Amino acid sequence: MTSHQPIMTLDALREFLDREFPQIHVGGRTYELEEIGPFSARMRMDYHEKHLRPGGTISGPAMMGLADVALYAAILAHIGPVPLAVTTNLNFNFLRKPEQQALIADCRLLKLGKRLAVGEVSIYSEGSEDIVCHATGTYSIPDRR
Amino acid sequence: MTSHQPIMTLDALREFLDREFPQIHVGGRTYELEEIGPFSARMRMDYHEKHLRPGGTISGPAMMGLADVALYAAILAHIGPVPLAVTTNLNFNFLRKPEQQALIADCRLLKLGKRLAVGEVSIYSEGSEDIVCHATGTYSIPDRR
Amino acid sequence: MTSHQPIMTLDALREFLDREFPQIHVGGRTYELEEIGPFSARMRMDYHEKHLRPGGTISGPAMMGLADVALYAAILAHIGPVPLAVTTNLNFNFLRKPEQQALIADCRLLKLGKRLAVGEVSIYSEGSEDIVCHATGTYSIPDRR
Amino acid sequence: MTSHQPIMTLDALREFLDREFPQIHVGGRTYELEEIGPFSARMRMDYHEKHLRPGGTISGPAMMGLADVALYAAILAHIGPVPLAVTTNLNFNFLRKPEQQALIADCRLLKLGKRLAVGEVSIYSEGSEDIVCHATGTYSIPDRR
């Protein structure tokens, strides 16, 4: 019934994120939206000093921030450039210590309603198949007229 | 590294569930474990009076119970018949009203550790592709010696 | 700013629940709304056969159903008799095995917005101070005009 | 039965956090453990450039990091200096936009088991009574011999 096709191109969404969310690039550009598809999106986060704790482990907040931005991008890809969507719930399961590698966040939208969008993200260390962190998130979408 | 193959057969797991969890069949046998596979399992819950609210809608607790039993079965399939695994966390996103149909719970294990197992479930109305409820769950596994 | 006072009386809310949610009494009346207060409510669930698993333990779905109904009542007490509020997210932490006793669900509302209400519940075995199950829930509130 | 008294002093816990978790002070010291009590702890996070997004709003990851550190400290206060406790689950409800103020994280432990500790946190803008973010978290505690 509903089409699950994104309505923004990858380039348009990248530009939108750069313009509206410059904060994700503070201290070094490390996020790259790699792919968008039907009810899906993939984002990459470089292994970079600003995400690390002493010892070289990627910090929890860095993973949580990645999950949030990636889900946000997945939703925008399908509803268009609405800068006012707001995160209302995030649930994280931390499964393994990440490698000293870039992280890949694979998102799948579970619902795209008029008021709420819900998605899930699996985060992997690049080159590995084991999920290091899984998250689900809910976003409130402003009225569109 | 780790094999993701189940270590119980479908028949052995069905028998184990019948013996150890007779409660799921109280008031009528409605749960059927349909399939187990690598880090996955699928359970079916009939559309049956005992799961309904007036009006014919499947109740929230019925869906929550299905998610829990299905995840539990998915874990047992991979660790063997350990009746003492305990649910520690369940997170549910309710996405749509279910149809007046059987529900199918598709489970995927995200982690099978020594102490904790984590999985996710997508619940569909039979014959539909829209997820009505998505859940993640964590189970504490007793020490095995 | 916002008043946190309930806008329904305990009696009016009890009658509303009985009329609109008769399902919670199927198989025996076991839920009793005991108290409503500023951003709070307390519901009791009798220790009753219909909530038990073989062995006498209160089932997970019975606790989850209690948490949902109690939060729902807490919200209605503060927004008035709106039968169409819908549960969108529930997160449960199961902390201990409940006693063979009635359960008490103590709710606190965390937010009462125009579109979303969020609350938490602590469930105790009657007469005990240890929480057996803690839940948070989000409810979508229909447009009111 | 169980005592709910902390077993570390506020000073000992502050020193331990400084030594074992220097990362939380990278870019400026903004976290202050203000209080520990029976099954509780309170942490303050200054309103500081490093936690902000353009426009001056405190970022989601900054709030999520605060919740995690505060819960972690609350647990350590009660189990002693065990640097290897690991976050396994975090659930966040984002309720309001925080003020341009310091944040206060009020933690309450819900369970302190041998293997798992569970707690909740309410985060407020300093000087306000409205909760901006509520979280629950589960931590895996290593075997202690």
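Per-chain residue numbering starts at 1, and chain names A, B, C and D are given in the order in which the chains are listed.
Criterion: a residue touches a chain if its C-beta (ideal position, glycine included) is under 8 Å from a C-beta of that chain, and two chains touch if they have at least 3 such contacts.
Predicted model, so just to flag it, every value in this text is computed and none were measured.
In terms of the distance between Cα centroids, chain B is separated most widely from D. The contact pattern of B-C recurs in A-D, the pair among A-B, A-D or C-D where over half of the contact pairs coincide by residue number. Between B-D and A-D, more C-beta contact pairs are found at A-D. The mean-CA centres of chain C and chain D are about 28 angstrom from one another, to the nearest whole unit. Centre-to-centre spacing of chain B and chain D amounts to 33 Å, using the average Cα coordinate of each chain.
Work out the mean CA point of chain A and of chain D, and you get 24 Å between them.
Of all residues in chain C, those touching 2 or more other chains are 88-89, 91, 93, 138, listed in ascending order. In the complex of the two chains, the chain B residues touching chain A come out as 91, 93, 95-96, 110-111, 118, 120, 122, 131, 134, 136, 138. Touching chain C in their complex are the following residues of chain B: 21-23, 53-54, 59-62, 64-65, 68, 86-94. Chain A contributes residues 88-89, 91, 115-116, 138, 140 to its touches with chain C in the complex.
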